[in-house]
Amino acid sequence: MLFAVRMDVDIPRDLDPAVREETVAREKAYCHELQRSGEWKRIWRIVGLYSNISIFDVESNARLHEILSGLPLFPFMRIEVSPLTTHPSAL
Amino acid sequence: MLFAVRMDVDIPRDLDPAVREETVAREKAYCHELQRSGEWKRIWRIVGLYSNISIFDVESNARLHEILSGLPLFPFMRIEVSPLTTHPSAL
Amino acid sequence: MLFAVRMDVDIPRDLDPAVREETVAREKAYCHELQRSGEWKRIWRIVGLYSNISIFDVESNARLHEILSGLPLFPFMRIEVSPLTTHPSAL
Amino acid sequence: MLFAVRMDVDIPRDLDPAVREETVAREKAYCHELQRSGEWKRIWRIVGLYSNISIFDVESNARLHEILSGLPLFPFMRIEVSPLTTHPSAL
Amino acid sequence: MLFAVRMDVDIPRDLDPAVREETVAREKAYCHELQRSGEWKRIWRIVGLYSNISIFDVESNARLHEILSGLPLFPFMRIEVSPLTTHPSAL
Amino acid sequence: MLFAVRMDVDIPRDLDPAVREETVAREKAYCHELQRSGEWKRIWRIVGLYSNISIFDVESNARLHEILSGLPLFPFMRIEVSPLTTHPSAL
Amino acid sequence: MLFAVRMDVDIPRDLDPAVREETVAREKAYCHELQRSGEWKRIWRIVGLYSNISIFDVESNARLHEILSGLPLFPFMRIEVSPLTTHPSAL
Amino acid sequence: MLFAVRMDVDIPRDLDPAVREETVAREKAYCHELQRSGEWKRIWRIVGLYSNISIFDVESNARLHEILSGLPLFPFMRIEVSPLTTHPSAL
Amino acid sequence: MLFAVRMDVDIPRDLDPAVREETVAREKAYCHELQRSGEWKRIWRIVGLYSNISIFDVESNARLHEILSGLPLFPFMRIEVSPLTTHPSAL
Amino acid sequence: MLFAVRMDVDIPRDLDPAVREETVAREKAYCHELQRSGEWKRIWRIVGLYSNISIFDVESNARLHEILSGLPLFPFMRIEVSPLTTHPSAL
């Protein structure tokens, strides 16, 4: 089941630099792992912003929430979820 | 060059039904043609709305505008364009 | 899979009264049928508005879109969809 | 009397971790108690957010305010209240 | 039980003048009747607008919806409902 | 001259508790005094929020500003002022 | 008593041209008369818009509403009213 | 050349009280000076807010920016600028 | 004096096609003339929209309003005006 | 390829003054360098704001993101990007 998710990241300026670095590294690893498992199908950067548009393919709403709330940067993100389905014009 | 485009369609109720049908058919053919050429890479329906989220891969802003302003349903759409680039975490 | 859906209805004033009456009647029958099948679990009126908040339990995003886009009043509605999951505090 | 309530939680990052843990635990207990008493009828998590949609069944506006303003996480929530009534299509 | 209700009226320009006049007259009579019964406690005009702020005292959400949806001008209004309760500083 | 005023209170978390308590107490006393003088005619709590809707009856804009800007909690409030007048349907 | 009022005008395209011309002329005369009486103290055009910002000096809210609701173009305007008072830095 | 400018002031709570007092005093002196020179033609307080609406008469955009960005409270203001011109109905 | 102006065009569907064509042609000629005179310095299309961003260089607010309100498509545009000045980093 | 970019700057008050000064100086140098290379074609200050409107001419979305995310003040900016193309009326 497909979902478009937009994530806008805003890491607080006063976060300890080591914590910041480690959190961003964990975020990347987490993202890689889910891309490899096929659930995080695509991720693009939005030009000029610390934001991404992603496509997820998951078995349920519950699984999507598990993934998103588990993001290491989750506490510093604004997230918008749009459930998708096949478009009648898609080939 | 990649762009995310959201299109919200609102066809006026008083449009002649034959014109409506013909316009929607032309929209579909136009969309198919651009998917086959590789410029309209993906199109998804947003659940519960007469809307889509699409990914375009075009050589320039000018070409994207040519495509979007040429949509048969263009006069009846609200369009939002987000320029995309590679995300550093994308595999 | 659960979804909260808000529907705001705005039937055009110039809709033929017979068509209006027939469409509203079909809407009601459609809603009843989906409540009986268990997919449209709950529907409440929002006080002072021609709007409802509903809970759907469907097997997929695709099925939810099929249901919503098939609503007889769909052309006259603004719809907002929120995917839900179990809350950790729910008994 | 029914109300739909949406709660968006934003716990300040600098809240003492022990206070945070204790407050979240009290919130859960408070929520359980009101579910058992039948006033907090339903609570769902919104996917991707630290938010819930709840249904309350209370005897008065005053009682609903007493419940909501007594939430241990009340100082860290944005709350929206929608009074509900029976929908004519509800079975 | 108290509610603050704001009503913004926008009567379509092409409404038949006789229908308009008759509807506005019925609205006034309806409002008078509910003031006399004590349910529509107060109504004020907002300066510069075709809008009012009103205070209702009703026994339930259901009764408030019955009153508001029965307003002769209901199809031409935007309505906002705020449930109220006693303020701890009120004398 | 009548005004509807909505006040949304947001006291900073790091305000000294003694200052907070003293300020809230002064706010209450100030409110009582103005209710007794007849200028702060009504105050209601909005359900689920740290907000009120109030009705003021003052001799001038200048006096209303004097009252509002003198509120002990003024630095922690968002305030909206709506000038009111008699509604033609009011009894 | 001073008020800043912003008026955004949107005359429907299908208004009879003679009615339009006559209404605009009456609006101008009405505005002149109130400037001469001293109640409509100032009026400026906002660059690029069919809008004005005006300053009124009236004895009461009731009088301001009487003036604004009597504008010949009132049915075609969006109006915002801001009550003003003397600024402590004004000379 | 005329401009309407709205300024909403929000001085941070943790600003040193002496700095605050001194900055507000400089703001007042700055405002007086520009009123005397004729560039800051009018300033009114908006009732219930720490905000003003002002009218400036300056020779150029550049001069207006010089004035506004030089305000002692500039770092603590939200500013909106509306270019004005003569209204055809102004006497 | 420089201004950035955004124009969003929405020509009503029921405008007579000959009038539409003639108006659009006059708009183009008007735009050309002002580009040649040096007042309409730049105009760009925004991708995917019937909108432009333009830069004007005029001697006064009054002249800018004269230009904008004289646009043949003025009745069908939403216009936003931003006064500009030299940026300290501009070469 | 052209883009209009609006940048609103908000440097935190508690940034170390030396860091602030150094960052602003680097921003200026960075801006100069890109103006000289021809990619940052124009930059204007918006009157009354710590904001600019800029025109970029870059070979790709990727390059624009590289430029914008490399701005020394990037962490303190809100950025809006509008892809542009030639306007049919441009000379």
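The first chain written gets the first letter, and so on, giving A, B, C, D, E, F, G, H, I and J; residue counts start at 1 in each chain.
Keep in mind that, in the parts below, contacts are C-beta pairs under 8 Å (C-beta built on N, C-alpha and C of every residue); 3 or more make two chains touch, one makes a residue touch a chain.
Chain identities (UniProt): A, B, C, D, E, F, G, H, I, J = Muconolactone Delta-isomerase.
Only a predicted model underlies this, so the values are computations on that prediction, with no experimental measurement involved.
Peer 1: Smallest number of touch links from chain B to reach chain I?
Peer 2: 1
Peer 1: When the CA atoms of chain D are placed over those of chain H, what is the turn angle between 0 and 180 degrees, to the nearest 5?
Peer 2: Resulting rotation angle: about 145 degrees.
Peer 1: Return the distance between the CA-based centres of chain A and chain D, expressed in whole Å.
Peer 2: Between these chains, centre-to-centre, one finds 27 Å.
Peer 1: What whole-Å value do you get for the distance between chain G and chain J if each is reduced to the mean of its CA atoms?
Peer 2: Comparing mean C-alpha positions, chain J is 40 Å from chain G.
Peer 1: Hey, how far is the Cα centre of chain D from the one of chain I, in Å?
Peer 2: 50
Peer 1: Report the inter-chain centroid distance for chain A and chain B in whole angstrom, where each centroid is the mean of the CA atoms.
Peer 2: 24
Peer 1: Going by the contact rule already set, what residues in chain G reach two or more other chains?
Peer 2: If we look for residues of chain G contacting two or more partner chains, we find 2, 45, 47-48, 61, 64-65, 81, 83-86.
Peer 1: Touching pairs of chains, all of them, please.
Peer 2: Those chain pairs satisfying the definition are A-B, A-C, A-D, A-J, B-C, B-I, B-J, C-D, C-E, D-E, D-F, E-F, E-G, F-G, F-H, G-H, G-I, H-I, H-J, I-J.
Peer 1: Spell out the part of chain G that touches chain E in their complex, as residue ranges.
Peer 2: Chain G reaches chain E through residues 5, 12, 61, 64-65, 68-69, 75, 79-81.
Peer 1: In their complex, what parts of chain F are in touch with chain G?
Peer 2: Listed in rising order, the residues of chain F that touch chain G are 1-3, 60-62, 64-65, 81, 83-86.
Peer 1: Touching chain F in the complex: which residues of chain H?
Peer 2: 13, 45, 47-50
Peer 1: Provide the residue numbers of chain H that touch chain G in the complex, in ascending order.
Peer 2: Answer in residue numbers: 2, 4, 27-28, 31-32, 35-36, 42-48, 52-53, 82-91.
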